[in-house]
Amino acid sequence: MSDPIILVDPLPRTLDLIMEPAVRARLDKLGKVVLSEDRPMSDAEVDRLLPETVLLFGQTAMPRARLDRAPKLKAIFNVETNFLPNVDYQACQERNIPVLSPGSAFAAPVAEAALGMAIDLARGITEADRDFRAGHEKYGLDANTRTFRLMGAPVGLIGFGDLGRNLRDLIRPFKNRVAVYDPWLPDEIIRRHDCEPASLDEVLSTSKVIFVFAGVTSENQGFLGPREFALMQPDTAFLLMSRAAVVDFPAMLDAIRSGHIRAAIDVFPVEPVPADDPVRSLPNVILSAHRTGGTTDALFAIGSMAVADAELIMHGLPPQLCRRADPAVASRLRSKPVDIT
Amino acid sequence: MSDPIILVDPLPRTLDLIMEPAVRARLDKLGKVVLSEDRPMSDAEVDRLLPETVLLFGQTAMPRARLDRAPKLKAIFNVETNFLPNVDYQACQERNIPVLSPGSAFAAPVAEAALGMAIDLARGITEADRDFRAGHEKYGLDANTRTFRLMGAPVGLIGFGDLGRNLRDLIRPFKNRVAVYDPWLPDEIIRRHDCEPASLDEVLSTSKVIFVFAGVTSENQGFLGPREFALMQPDTAFLLMSRAAVVDFPAMLDAIRSGHIRAAIDVFPVEPVPADDPVRSLPNVILSAHRTGGTTDALFAIGSMAVADAELIMHGLPPQLCRRADPAVASRLRSKPVDIT
Amino acid sequence: MSDPIILVDPLPRTLDLIMEPAVRARLDKLGKVVLSEDRPMSDAEVDRLLPETVLLFGQTAMPRARLDRAPKLKAIFNVETNFLPNVDYQACQERNIPVLSPGSAFAAPVAEAALGMAIDLARGITEADRDFRAGHEKYGLDANTRTFRLMGAPVGLIGFGDLGRNLRDLIRPFKNRVAVYDPWLPDEIIRRHDCEPASLDEVLSTSKVIFVFAGVTSENQGFLGPREFALMQPDTAFLLMSRAAVVDFPAMLDAIRSGHIRAAIDVFPVEPVPADDPVRSLPNVILSAHRTGGTTDALFAIGSMAVADAELIMHGLPPQLCRRADPAVASRLRSKPVDIT
Amino acid sequence: MSDPIILVDPLPRTLDLIMEPAVRARLDKLGKVVLSEDRPMSDAEVDRLLPETVLLFGQTAMPRARLDRAPKLKAIFNVETNFLPNVDYQACQERNIPVLSPGSAFAAPVAEAALGMAIDLARGITEADRDFRAGHEKYGLDANTRTFRLMGAPVGLIGFGDLGRNLRDLIRPFKNRVAVYDPWLPDEIIRRHDCEPASLDEVLSTSKVIFVFAGVTSENQGFLGPREFALMQPDTAFLLMSRAAVVDFPAMLDAIRSGHIRAAIDVFPVEPVPADDPVRSLPNVILSAHRTGGTTDALFAIGSMAVADAELIMHGLPPQLCRRADPAVASRLRSKPVDIT
């Protein structure tokens, strides 16, 4: 074997799902693609290929011992997009092998849907459609006794990574004050995006629209509980976009059921949601089955971002599009692998 | 009588509905407010007041003979916001009495709701909520087989007055090509807003999202008919925000029912919509009971715009916020007076 | 004579200067163009043409008696762009003949140059170039002891018509607070452009960069005098773009000479400026010979705006691009006809 | 010694120059600051402190042997902002010690000045001021025979790092096509900023305004030579902001002197420029003595960015504001240490 090998082991993704033909063609130019997508690549196959492998696309286990077998390896692309404990991140760091995720591909579609849901909650769009179909719609002013305008409403963001920044840009024409709580970021970053750094309590108590865009770590599970929902103003629009585990779900459902807040929910503690889950008949809520991120364009963006960075790396240049795993941070993240998106 | 009189005859509006207390206080500073809002002001009362009247707020009939009785009259504010044949516009023009409407107050809330509905149609938000409640929701990629992104989708606007311009500004972050059909406007105006002037057929056949924001005139009733719906691409999102009469309604409903297009409808030929109207069970559509404009803030904006212009006029300055009736144009418009918004 | 006549009497402009060939061709389609541009059209010729004239482009005298001779006249376009007492505005108003000016054509180039000059004054660009040529330039930090950043600096605008609004849009990326003093406008207009309404004294005392974009009226000549310059903060950048007569010129020159403020001046009380005027050797100032507006594109915009509005008017539609003279306002303006721009 | 030590060895900077008091106070909270700023810290002192040092601010030599002496070291901040061969980047990488530079602090002031200079070159501001002072100014249209509008002019950027992106945002209101040549970046990054990826020749031959914002590497020295200047359109505005070494200086001066292009130059091959350098009397050029970056706010931003990232690192979080040295890339860069900025 002398051709450089590109080991592609992408499950639960498949190459067709994440690469348009033109992108796939660019990948083929970088080396000999060896692909396993009907099942995960066997250990034997992986071990056989590693000595000539230059790029790895997939979630193949890569402990230190395997890295030792891969002296030509230049980068690992996690195309499922959540960093998992399948890789020895410290060993990769020592070898200058970046472990990369194009996970920001999902940020744009999620933010777009979140804006639509925020307008919907403010203006009562889905609810009014239900009323109309049920024959008891109200017209004009009578239909606006509980509505408010997103324009100018104080907005709060919990989490200000790719998702929060995408949403922030989409709402610029609405001229909101945007308060941000993100304990992982310096105030400078938040202010550069024309937002105000704020404590969690400030965000909760002063915002009319609250977006949750927070990753789960070992430290913040369930951090939005009864106390936090009580802090919110009546009729706050609360949008849970990511991740279900940061919220105390029963506390949220209570706040919705009582009419204290209205909400949009895209992520649930158990998915699929059980058939008899009472959330299905809850008022004051827009239900979305973990569907805001998984658009066709987002999947293709995973592939095009990964291939573009692979091209840079093969030319000796630093990657620009994917996020690089930080050994210290990767160990804090509590993502579970996707099975349905 | 020597105090300047401000004749206020605002039905179907009332002053409380259109003026916050601070705005009402500014009105009181401009003269002696004489108000009739439990019933329209009587002819006798109007005729008695006119000789000392400087400003008229309302839809009082003002034929030439009455204008002759009002030598001090400086302006007429139509607070219902549609120019009707109650005023002799030509006689007002000759006397330099502007007839003014703060109707653009409704543009911002309608545009905001229209954006929410456009994202909803593109991403299937309301429909997915219905599916979830019915127990047959789909997750992730499976839920996105028919969705598309508003981001980057070609947009078409039919009508580019206040509504179209508000919408145009709201969608700037979405980086769409925006084609505009408005036969009343020069191309220069359209290009200044970073849109492309286009024929009606171009707008219909090249856009993925089409917003109707057109006033009705004696010439354009029902101009969107079967031919026009057939021109649209499959799965076009069609948003009828204003006015119902520009659309051939049965043709539109056919296009929706067949699945050729998806739609959001805020205006209907007969309102309230009859209880047994089959539109109530139509798929592929968001139903909205003429409710996108009548928000609390829009009503208050009517009052604040009118009072601000009245202040300017009393200082000898030209009005800046309300639209001035053009005698030639006012006669073309076919608005019916509102009764429910 | 039965063809509709377009009477074109454009001096001091000429048609070639204000219309590109394609625009001129559009004009020719509207009627029979009768042009006099080597000298003003003679009274006899004007009187002979008026009975069949539908559009007038130029500054031809139009007293009431002449309007009586022009029963088919639909609009008058002042292509010099300053409303002068050559027209009986009240008589035009009574006959629904709009008197129109495409004067906003100059706003964009003036605002662009004003931004360049503002950055120049803040960062010392022209001055540093002079120092470099004189052999005593300073480098790096030493060259920045008196500079400040336009980014984030408090900005004040005196006058908020087309010029001010163009400038406001150009500086959006600089994230300034923008305070506006314009006694002709309601606060709502100012706030819609994300500016703060302010008194003159507030603008003067709180801004680091002050732009003057004010028209001259019978009431505001010389309203920026010694008291007003004294109110400014040390090292304020003061940009006099329009009109020279609103400033007490000697007071301004004193404030510049003493080093209290730095300035850019595009308009002068007497133009051309006398050869021995001491302003020519003043430090702390950028000198510009009334040259920021007269760009090629601005002249062509005069023609294209006028022709586009003429097309609308010939189709029975209201003009959209030019400003319409208000009889009450036109009499207040104190413009002198241009001779050099 | 048990307190964590912050070793500060900042020459040619000093702490007062790069940290406002509030930022300095934040630094003091992170550990015991040991500072040497009248001279570089002695080797003995460095070696004595390293065992307890957690953060290093400065350009202290850090070969592998010294890193071995610093087991508690968490990060190195290069406050001069150019990565130099003073550090063993590979050894730092292996130890998870990021080497960080807040060099993007200079991007905003340079971009601001570059915009001012671009408007100046397009509209002839500095040149017109010189003419005015020399007594031969031209007025109005006569003064605009060689000017063009930045608004809408095709713009080209050579290099699209922090500088290019800052400039791109500043010129958004000017609605230019922006073509970008940057061989280190994937097209996706360029398109995300609403720019068009282009070859060098395309940028040179299709742009009316060209900004050079390129770092020097071992491969691109002098890559803009006679052929490249010949490719430019007549009267192109060429702005050399960074770095002098990427340009063949004599070729550029020829193109300026002949009137083929006009230019603004902020960086020179030898600084200070010799007293008798003929560049000092060149026409068609704005001269700037390496002064666009070194503003007070930029220096303070160096300190605040470094301290904010230090705070994150001390809390176990990844840095967010400074750029991290990539071992592979750092070795390609050819910066010389600053002495005057």
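Letters are used for the chains, namely A, B, C and D, taken in the order the chains are written, and counting of residues starts over at 1 for each.
We take it that a contact is a pair of C-beta atoms (placed from the backbone, for glycine too) under 8 Å apart; a residue touches a chain by one contact, two chains touch by 3 or more.
In UniProt terms, the chains line up like this: A, B, C, D = Phosphoglycerate dehydrogenase-like enzyme.
On a predicted model such as this, the values are computed, not experimentally measured, just so you know.
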| item | value |
| --- | --- |
| Both-way neighbours, i.e. chains that touch subunit D and touch subunit C | none |
| Centre-to-centre distance between subunit D and subunit A (centres being mean Cα positions), rounded to whole Å | 34 |
| Whole-Å separation of chain centres (CA-atom averages), subunit B against subunit D | 51 |
| Subunit A residues counted as touching two or more neighbouring chains | none |
| Chain-level touch network, classified as line, ring, star, complete or other | ring |
| Parts of subunit C lying in touch with subunit D, wherever the complex brings them together | 17, 108-109, 112-113, 115-120, 122-126, 128-133, 135, 137-144, 147-151, 169-170, 172-174, 271-273, 275, 280-281, 286-297, 299, 338, 340-341 |
| Subunit A-touching residues of subunit D, taken from the complex the two chains share | 90, 93-94, 96, 184-189, 304-305, 308-309, 311-312, 316-318, 320-321, 326-329 |
